[in-house]
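In what follows, structures are represented as structure tokens.
Two complexes are shown next, each including chain A; its partner changes from chain B in the first to chain C in the second.
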Partner chain A sequence: MSGAAPKGPRLGLGLSEDVDLLRFEQQARAIEAAPGPAPATPREWIRQNLFSGPVNSLLTLASGVFVLFLAYQILSFVFVSAQWEVVQVGMRGYMIGSFPVDEAWRVWASAYLVIILAGLSYGVSARRLRPSAGQVAVGAAAAAVAGAVVFFTAQTPLVRGLAAGATPAAIAGALVGRLFGRKILRPLIVAWVLVFPAIMIIVRGFVGVPPSEWGGFFFNIIAATVGIVASFPLGLLLALGRRSEMPVIRIASVGFIELFRGVPLVAWLIFSKFVVDLLLPPQMVIPDIIKAFLVMTFFSAAYIGEIVRGGLQGVPAGQYEAARALGLSTTRMMALIVLPQALRSTIPAMISHFISLFKDTSLFVAIEVTDLLAAARRSASSLLYFGTDMETLLFAGLIFWAVAFSMSRWSQRLEVRLGVGRR
Partner chain B sequence: MADRSATAGIGEAGDDRQIVANDVVKSFGHFQALKGISMALNKAETVVIVGPSGSGKSTFIRTINRLERHDAGRIFVGGIELTDDIRNIAQIRSEIGMVFQSFNLFPHLTVQQNIALAPRNVRRWPKKKAEEKVMQLLERVGIPEQANKYPAELSGGQQQRVAIARALAMEPKIMLFDEPTSALDPEMIKEVLDVIEELAESGMTMIVVTHEIGFARHVADRVILFDDGLLIEEAPPNRFFEDPQHERTKRFLSQIL
Partner chain C sequence: MRVLRAAGQVVFVVVLVVIAREMYLNASFALGSAGRELSYTYLDSRAGFGIKEHVLGYSPNQPLFKAFLAGATNAMLVAAIGIVMATVLGVLIGIARLSSNWMVKKIALVYVEVFRNTPLLVQVIFWYVAVILAIPRIESSVSVFGLAFVSNRGAALPGIRSGADFGTWLLFVLAALPVAATVWRWRSRVHERAGEPHYRWLLSLGVVAVLAGAGYVLLGDAFRVELPELSAHGYSGGLQISPEFAAILVALVVYTAAFIGEIVRGSIMAVSKGQKEAAQALGLSPGQQLRLVVLPQAMRVAIPPINNQYLNLWKNTSLAFAVGFPDLINISTTMVNQAGHALETFSLVVGTYLGTSLLISVAMNALNRAVALRGDTA
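So, the complex of A and B:
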């Protein structure tokens, strides 16, 4: 490496690292591009990859036996010994808890609103992202399974019809979205902003159902949405506050973050009754659930504040200087230059946090909310279905997993779209 | 107290001085980066500042648009004194364009968005006017075909030319260049210097901090040597390079020529 200087400010990578990276890339490409030793027949492939020597053969056999055993155990449980009746009977509880049956249409209306919007959004973006046939197939299969589960567990023809209609509604939305494309992007964004208040009005509005009667999966979704939507802006403010030049703001932000992050969420939820009352005039009465939502928002905001702070630290000083030199005000500099870059790099951590917040909504059981998990556990301890913990937990787990996995996939699409790691 | 003779008459009719610095001092902790710099820059003049690393030349031009706050002394830009008053700072910044060693383009915005950002948000130009300005400037720096690319997709030389266009978009009266070619591969230096030279010829008032002696000789109206936080020598290029008055200047020139 004589004489050649590293080229410019390349993230502090010196020449030697550059060369290493290059070599690594070449290797990776070579591995990817390697045609494999001849067009192997399946039999040759198996011999080369699984039985290339005595040790490998032994390992292959041992792990093969284990995998088969595991698969047998799971399949025989799921299809033979499991008592799925408990899920069928408990389904309404899993979905809406003790939400009054006569008012269940409010939840259905909300669900359809979200399903159609999601379909439209997918249609609009799929036009640009072009999902592979495999992705479409997986999505369709997932929708079919979900539809089938709801369909066969539904108790009345009306519910059955509504459940069966969900997938077609989503597909119809996707097709319409595809048809109009980006022309409806703006109205769509507005619709997403308005959908939550709309659901609140549908569910709660006028002589609706009070929060104390919300439950089941519906509750998990509502609580997670409230938590995410409300804590994000608060978290941003905390991150900015923590970097403020004004000591009062900085200390207040640090104090807030450390206080709410340092105590378990369950404890905060139980405390919420008293904590929130401290902040409010004594005449003001709000339902306990709303207080718990508030405290959960504070808890989540503390984490988001730290995630965003990490992102802010990744924005080079030169970006601030360039923005200032152009005469941008501090507000504009943050909004147009710094935060867009900082937030982009925090997407993986942020989605991770949102997923964990979503799962943590099952902790509301501590303040006597019957969420999906609590409903599942309750049905497993009922006299009639005593001892069906496997079935009920498996089912509840599957639903949590499906939502978390969707969030994860969605964030990956978002990363691709925003070019994280590319620019 | 400031020297009356140096600061008298600033901003009055007939005063051609765009920048007046009087005894400017700046410290970073215990390190004194500027130990009392006084100079003036006339309209349409190009001053090149040279000097060894750490001599304070970058720090000095960064005090002129308040990227660094000077501890003592006075700075006037276009007749306005640079103080802690945030309105003065905003006004002065909008009249000074700055180009950085490491370009500092906004990586999340396209070339065209980079250039249009400040005119749209600070000057509040309508979209159409800003777009026309962008294309006009990209023509001027020779890369109109790159308007919709992202900075990372451009070469270093192209990025620096975009950065120059971005600074010019605010229609500044003064341009500051902080080692604009130091981060460039050798084969790209010329394309950037050509743009800066064209600007100088068009009558822009400029301070250029650079190590490119050929450029200084060719384009500067005056050359200034900084060393150890002090202004050592200030002369027209012929005299500066052929007949330097100070021992320090002779030594500096012997090291780099």
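So, the complex of A and C:
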């Protein structure tokens, strides 16, 4: 059990209840994971779980009819009436927007970098994590869908080959990772830290592609990553500032956090486009997209500040006292004793923030960025494919969902491994 | 050390003030070179643009201030209805997640995983374009016994129009409230003393209904029920719901309910198992166990995170821009496009969002204090 008791009434605009939500879920999962009664025969199972009484039987029948109806509707749409050609034609736009085609290798290189790193990391950690039969089945199903999409939508043999090559690349990474095991853990962590700057150099460097031309799903991922990476240092400062003994610093931090959390991201994005220029010196000209990233960084930092504060509150007072007793200065106490413990416990909340930020990147359409969703809308509005709103929305939604869902699953597994809520 | 800290804080304040002054000067200079100045007087000038939906009444001849107000009230209306509906749906989802019925449990699980892992914007557009605009056109409206109509131009339901004596009738209702409260207290006392069933909901509501009904009969023209009519131009009369309003409302409710459902599930599971077993031992029915024992305790832990979901819902009304519903953001961008004054308009937007968020938080904190255990003020 976590030491944090339910918090009493606190006045404020946002506060750290996201952290509370995660705590609830952790508790709920822990209770669900507890061993239940012995498994029954299939017949008994059906009776107990579906037809234990008249009300239950009625519920089962009603929901069964509902599920069948929905499944029929969805399947008949997906396999019979849907015009998937629009997705086939629009795929490049969905992935990279108006990114110049000749420069697309930069995106491929970045993607491969991440895929190989992910494979390596999986290989290193897989010694402890053996996939169950169910996981293999789900993975195979996901791979089948992804493979079908690739072979249906890829326009040239090169693209087809590159997309198909992702799987062997990931597997090769996993095998290499397995070979070296935990010996390469440290270099791997360093590589993950460097991967974002590296991608920025690949995309932007060597007469690269300016941010104003980034688009599609690539944009969604980059924007969410910027939102986390760039705002982390500021968020850390805000969390420490909020707990500072100096009233001015504390008030400024609280004001910053509440201001940015209290107003929706759409409003901040519009602010970045229409208002920021007014506040800057006239000779200072910043591209729209950079201003938007800056404002999003502030927005995200306010949330990260609250997450880290939640983590700091979870560090027992004894840790501070012990550090003091050892004669550590405040800076060293924070850097060596408190923050490592606090940050470790915030990882699930950080991933959850990343997921919601990732979903929120679709809001950049408000300042005319063609992200995945906007590209999907655009392809549905072309004369040739008029009336394909359902197809394009479902496809874009599926991609967002797949990423968000698998990240939330990954975060649940991490929780178990980090022992969050149990230490 | 103390001196150093004080000096540090002073420097910090000075830096902040310098930055703020610099921004102010930049803004005044930018506006000045455009022949404008930083002021809010533009809000009194004629708006000149139409707004499709408004609660308090609005016409293009009214000042910009009224237009802004129309946007703000539209957003608040969506949020208010959305909060109520999302809470009801969320609690149902949360309970369904814990159902002993496998089928119901899995449906609730799929619901939660689908809706909370998809961007809200995708959902808003989906409800608008793929669902609401796809229902039959107005010429072939679906009619519900001639009382209500549904088509891709929205829905029209029977509405209530206030009559000439509406004000007087409200006095009747107001007068009924203290009487109902007295009845409530009397029944509670009887219940506590003698253990008789209290029926306090039934009796208090009955008192209000009887007095309000008497007022309606006596006055003759308190209000009328107005049925919508279908004409060549669309609907007239009754309570009309536009497709845009319906889309943003449904999307917000469905999305937020997924999160509230998870909170409710978590807090029900946080109630110790012994409580439910004790309720069972006392012979309460499953419904009573949930309503009288488990939910009231679960509510205590659930309120702070649910408050956060309410705030999110309020802020997410800003996604109405995607379907053209005239909310705060939509109206403000129109205002800026028509009349300029981006900085001033934006400050109003920030103020409205923060102010309303604060109101929601204050209300929820009051509720939290009301249901908190005595002495549990940690």
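General observations
The rule is simple: the second predicted complex is superposed on the first by the 340 of 423 C-alpha atoms of A that agree within 3 Å, B and C clash if a C-alpha of one lies under 4 Å from a C-alpha of the other, contacts with A are read in each partner's own complex, and residues count from 1 in each chain.
Everything below uses one rule, namely that a contact is a pair of C-beta atoms (placed from the backbone, for glycine too) under 8 Å apart; a residue touches a chain by one contact, two chains touch by 3 or more.
All values derive from a computational prediction rather than experimental measurement.
Looking at the shared chain after the overlay, A:282 reaches chain C, while chain B stays out of its contact range. In the superposed model, A:85 lies in contact with neither chain B nor chain C.
Looking at the superposed arrangement, the partner reaching more residues of chain A, out of chain B and chain C, is C.
Of the two partner chains placed by the overlay, only chain B lies in contact with A:318; chain C stays clear of it. Using the contact criterion defined above for the overlaid structures, shared-chain residue A:328 touches chain B, although it does not reach chain C. Once the two complexes are laid over each other on the shared chain, residue contacts for A:360 go to chain C alone; chain B is not touched. Once the two complexes are overlaid on the shared chain, A:337 sits against chain B while remaining clear of chain C. Of the residues of chain A, those at positions 7-9 touch chain B in one of the two structures and chain C in the other. Residues 7-9, 316, 318-319, 321-329, 332, 336-337, 340-341, 344, 419, 422-423 of chain A are the ones touching chain B in the complex. Those residues of chain C lying in contact with chain A across their complex are 5, 8-9, 12-13, 16, 22-23, 26-27, 29-31, 99-104, 107, 113-114, 117-123, 125-126, 129-130, 134, 259, 262-263, 265-267, 269-270, 300-301, 304-305, 307-308, 311, 315-316, 318-319, 321-322, 329, 332-333, 336, 342-343, 346, 349-350, 353-354, 357-358, 361-362, 365, 368-369, 372, 376-378.
The residues of chain A lying in touch with chain C in their complex are 5-15, 17-18, 20-21, 23-25, 27-28, 31, 49-50, 52, 56, 59-60, 63-64, 66-67, 245-249, 252, 258-259, 262-264, 266-267, 270-271, 274-275, 277-282, 355, 359-360, 362-363, 365-366, 373, 377, 389-390, 393, 396-397, 400-401, 404-405, 408.
On the side of chain B, the complex with chain A involves touching residues 65-67, 90, 93-94, 96-98, 100, 102, 104-108, 117-118, 121-122, 150-152, 156, 163, 166-167, 170, 183-185.
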